[in-house]
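The two complexes that follow have subunit A in common; it is paired with subunit B in the first and with subunit C in the second.
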Partner chain A sequence: MQAIFKREFLSYFRTPVGYVAMAIFTFISGFIFYSQFATGYVSMSVEIIMLRSLFIIIVPIITMGMFAEDRKRGTEILYYTNPIELFSVVTGKFLAAMALYLVMFINVFIHMIVVAACGGTVDAGVIGSVLVFFFMAALFISIGLLASVLTDSQIISAIVSFLFILVIQLLTVIGNYCGTAVSTIMSYMDIASDTRNAVRNAIAGAISWFDPFAKTELFSNGLFSVSALVFCLSFALFFLYLSFRILEKKRWSQK
Partner chain B sequence: MSENVKKPAKNVSKNNAVNNQGNKQHRNERAHQLKVYAVGSVLILLAIILLANILLDKLLGRTLTFDYSVERSNVISNTSAQFLDSLPDGTNIRIVGLFERPESFYESKYQYIIPILDDYVKKSKGKVTVEYIDMQKNPNIIQQLDPTGSYDLAKLSGWYVISYNGKLDVIDPVTCYTIDTDYLDETDRFVATGINTEYKFTNSMMSLVRGFTNKAYFVTGLKENGSTEIKNLMNGMGIDTQDLDVTVGFKIPEDCNLLILNGINNDITETMYVEIKTYVERGGKAIISVDYSPENVNEAYPNLNHLLNEMNINVEHCMVTENDPAYQLNSQINDSQADIAEKFTDFATVKRLHITLARPLSFTAAANSNYTTEAVLTSSKSATKSVADENERAKQISSDPGVVNIAMHSYHNNDMHGEIYVFSTVNFTSDDYFSHFTLNDKNADFIKSCIRSMLPTSAQYNIDIPVKRLDGNRLSTDKATTTVATSVMIVFMIVLPVVLSSMAVIVYNKRKNL
Partner chain C sequence: MIEIKNLVKHYGDKKAVNDISFTVKDNEILGFLGPNGAGKTTTMNIITGYLSSTSGTVKINGHDILEEPALAKKDIGYLPEQPPLYLDMTVEEYLKFMCDLKQVPKKEHKKHIEMITDMVGISAVTGRLIGNLSKGFKQRVGLAQALVGDPPILILDEPTVGLDPNQIIGIRKLIKNLSKNHSIIVSSHILSEIQEIADRVVIINHGKVAAVDTIMDLSQRLSGTAKVLMSFSGPAKDVSARLKMIPGIADVYVRNAGNPGEVEITLAPRAGSDVRANVFFMMAKSGWPILEFRSLNPSLEEVFLSITAG
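Our next item is the complex of A and B:
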């Protein structure tokens, strides 16, 4: 796993991918930081929470080539023919992407130092936001990794992970729409309004329960919820396992 | 012979075919087993994760949520918890949010309200319930909460209603925050400096359960200062508050226990002079605050002085200039500290209080023996007086250095005990001041003591719920200068992204031919 991690992490800096992702992240985080700084009020929690919406751009960029690139070069066969655990391969690549995120995040740490030097606050809310940022990064990277395993094309992989993350970002809205749609259909069936409302709320609640953004938004207030972190981590683990299973299937179905 | 040779070969190939078929079948079976195992293990893992998350969220979600914020902004304080404990079993305080509980309320006005209300429910042992009901979808809730229609709840969508034994109180979520009014004036942006949520809700519950003991009227229509914060403070003391608009005629209601003129920028009318004079003579209590700010530098307050002269107080038409550096704040002559007069030292835990843009108050030359008048706050011995010139700069007027009164107290010597506090700065009453320093400030403690001295309130109201400060995000103006902001923009938005993009181009060019 160590060898995979090292190779994969360094590959980000042997290709333009790592630099492009870092340039985008640096510019946008810098823009958010400056927008606040110019007003004399800086909330690092707000900056970090806003940066979560960048997952939709950054994650597809850094994960699209994880397995698709190996397949293109023909080096994928090495994973199946060498006596290595495929889960180590998946984990190594996942940790490499997380490490790249950490490198990108140095930028935000510098912002924190600037804020502290200018008399601002870096409190528990900020630490909570950082924690959530990385737990959510883990979740989304595992999704991007799965997209990369599913397809041979980097472009398709990027589009799949982009769509997946987009849907997750909109889960609360989708939940409300679905609830309203079902409620409207029920109204044509002359179902009592109390029942309709209950069903609408249940559907909206059930769908939005999966929204990691809503679950973790209060971390920036300094409110730490263990269940939200467990949610992110457990689903990241699930997607990693799913990726591993798909690779394993390819190994035993080789003809 | 050839037939003999051929026969075994035929058998071998037949055997191979059978073996191949067997191997293929074996492989298929193995593949099927692996597929079942793979799909099964994924489904089982998914089921375990879902179940574990649902159980964790529903059963332990709230227990495993910890407030690590510096001010513990998301939970109620021990003071509120003790108040809830003091309520008898069976008490049912119903809090209804007149909107649907949003799934996501970060960066909304409910950000520091919903978690705190959840904590009330958690710590009240069933005495407090919180519901969120959208009036559009359940219009019956209006009739249910307010059968008499006295609160016009239909117009209060998005507000909270607190109901106890048929008594109601309503809270606008916006009032749960202290807003930096200076910053709002400069930039038209809202920045919250403090959270009043717990202050508002606990005091509201207390008022409903125990009832208001007094009523204060705030005079409006004289271009006065905002009074939201001082009203919050009074509500917390069990004093009901209401506005008294002078533009529609001025008559002090019978139930007025305290009359407040908060930072008036226009003079009072003749009618008001007569009304207030009579009111105080009959035992009424009043607090009057004025200052010397750009809004009123041309106002000499002749009618107000006419009234106050009856009580041996005169408001001068100039500004206190504090020349003693030990009293000055930020080296400002008009932003300083004032000494608390000896008789009033029990009113605060400090010896000096913060004053800004104060007018000098003096004793009138001919004293009215019906009133006893005393100084409450005084400047240093080095204070002088100045007026603003046409460029709004302080211009010293001929005055010898000496002690200047900033606040005075006067009471009628008859049996009715009418009394009045006059502050020549609005730092004890205005939203401008408390929006910066919140109700945790020492000036708030002092004005509370003044009010308590006039309206003895029951001990049951003597609980102090601190306002939770939120202005830690403000940068130091000395350090976060425009030059630093420009440097931040250049480094983080131009230099670093350009360097990284250049690196990407270099790496791409080096590797494109590999």
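Our next item is the complex of A and C:
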């Protein structure tokens, strides 16, 4: 795993991928920090929460080539024909992307130091926001990795992970919309409004249960919830395991 | 040692590999031949663990590739048809990465890489990006990665593709040298190359083993009894008529040798007959001097075409 991690992490800096991701992250975080700094009040939690919206751009960029590129250049064969576990390949690649996020995040740590040096506060809410940021990064990177396993094309891989992350970011909205739509259909069937509202709320609640943003929104207030972190982590592990199984299955393919 | 038993691989309804069995002994070079689409690459991919078989077993030094994959794969060095190279790495970085994958101890990396790069002739380019190397150098880097970890079994799919004649000779010598302490499977479309280096050949056709033997035995088996080429000085018609009277000669083909006064003929003996001595004495008694006299065994190319035709 260590060998795969090292190769993948360094490969971000051998190609423009790592630099492009870092440039986007640094520019946006710098802009948010500067905008707040100019008003005389800086909330690091706000900056970190706003940076989460970049997952939809950065994750597809850094994950699209993870396995798709290997298949294109024929290096995928090395993972199957050498004495290494396939799951350690998946884990190594995943951790390399996480490490890149950590490197990108150095910029935010510097902002925190500046804020603390200027007499501002870096409190539990900020720590909670950082924690959520990395757990979400793990979740989204595992989704990007899965997309890269599913297709030979980097472009398709990027589009799939972009759409997947977009859907997750809009889960609560989608839940409400679906609930309302079902409720409207039921109204044409002359179903009582109490029942309709109950169904609407149940559908909206069921879909938004999967929304990691809703689950972790109190972290920035310093209110931590282990279940929310377990939620992100378990889904990340699920997607990594799914990726592993798909790679394993390819060896047994009879097509 | 590689033991392959009743290997079958289905792709949908098609049997890409159909009940293949053969063994590669220690310190042996086995030429692996077959027309395009015969199932060579699929078989090699199964042997190395890249693909799994539908049924059958592959044992590498006694370790089943599916049941003990780590132990089996540690003993294999594989150069696929398309060398698995990271173009964004230097040769040295890549070989270090391969050392990690093959679990070569860290402190031995430098010495091991120096030895391999010297062996395949890429010492001068170790600091260069693989993406900037010529096709020949890339092929040799691919060969170098197969040698990392000094695996006792090497599986080389078209190892000399893209090399110039000098490099081809160098790689052939290297493969010959490696066979002193390695079992090697070499697949190539250059039959003269296989003829030169392989101890035995396996020819597969339509996913089945069509022949397994030494090249010499295959040639003899194919020809029945070897034909004899003879050139002499004398009247072609008379000689031909006298030769046909010798017991054991099935047919005589006369052709002009090109040199004035010299005639070339091919004798086809009946199965199991050795007519050379009788021919020699008949020619000597008649006063027709023999200028050339040799057995004609079919080349590997002829054997291959004969076995894979249709």
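Here is the rule we use: the second predicted complex is superposed on the first by the 253 of 255 C-alpha atoms of A that agree within 3 Å, B and C clash if a C-alpha of one lies under 4 Å from a C-alpha of the other, contacts with A are read in each partner's own complex, and residues count from 1 in each chain.
One rule holds for everything that comes next: contacts are C-beta pairs under 8 Å (C-beta built on N, C-alpha and C of every residue); 3 or more make two chains touch, one makes a residue touch a chain.
This structure is a prediction, so every number in the text was calculated from the model and none was measured.
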{"item": "Partner chain in contact with A:Asn82 - subunit B first, subunit C second, else both or neither", "value": "second"}
{"item": "Residue contacts on subunit A - larger count, subunit B or subunit C", "value": "B"}
{"item": "Which superposed partner A:Arg73 touches (first subunit B, second subunit C, both, neither)", "value": "second"}
{"item": "Partner chain in contact with A:Gly222 - subunit B first, subunit C second, else both or neither", "value": "first"}
{"item": "First, second, both or neither for A:Ser29, with subunit B first and subunit C second", "value": "first"}
{"item": "Contacts of A:Phe235 with subunit B and subunit C, given as first, second, both or neither", "value": "first"}
{"item": "Partner chain(s) touched by A:Ser11 [first = subunit B, second = subunit C, both, neither]", "value": "second"}
{"item": "First, second, both or neither for A:Ala202, with subunit B first and subunit C second", "value": "neither"}
{"item": "Partner chain(s) touched by A:Ile185 [first = subunit B, second = subunit C, both, neither]", "value": "neither"}
{"item": "Subunit B versus subunit C as contact partner of A:Val167, first or second or both or neither", "value": "neither"}
{"item": "Common interface residues of subunit A - those touching subunit B in one complex and subunit C in the other", "value": "14-15, 252"}
{"item": "Sites on subunit A touched by subunit C in the complex", "value": "2-3, 6-7, 11, 14-15, 73-78, 80-84, 251-252, 254-255"}
{"item": "Subunit C residues within the subunit A interface of the complex", "value": "9-12, 48-52, 54, 69-71, 73-74, 76, 78, 80, 82-89, 97-98, 100-103"}
{"item": "Of subunit A, residues touching subunit B in the complex", "value": "13-16, 19-20, 22-24, 26-27, 29-31, 33-34, 37-43, 46, 49, 107, 111, 114-115, 117-121, 123-125, 127-128, 172, 175, 193, 197, 204-205, 208-209, 211, 213-214, 217-218, 220-227, 230-231, 234-235, 237-238, 241-242, 245, 248-249, 252-253"}
{"item": "Residues on subunit B engaged by subunit A in the complex (per definition of touch)", "value": "30-31, 34-35, 38, 41-42, 45-46, 49, 52-53, 56-57, 60-61, 64-70, 73-74, 103-107, 111-112, 115, 137-138, 187, 189, 191, 472-480, 484-485, 488-489, 491-493, 496-497, 500-501, 503-505, 507-508, 511"}
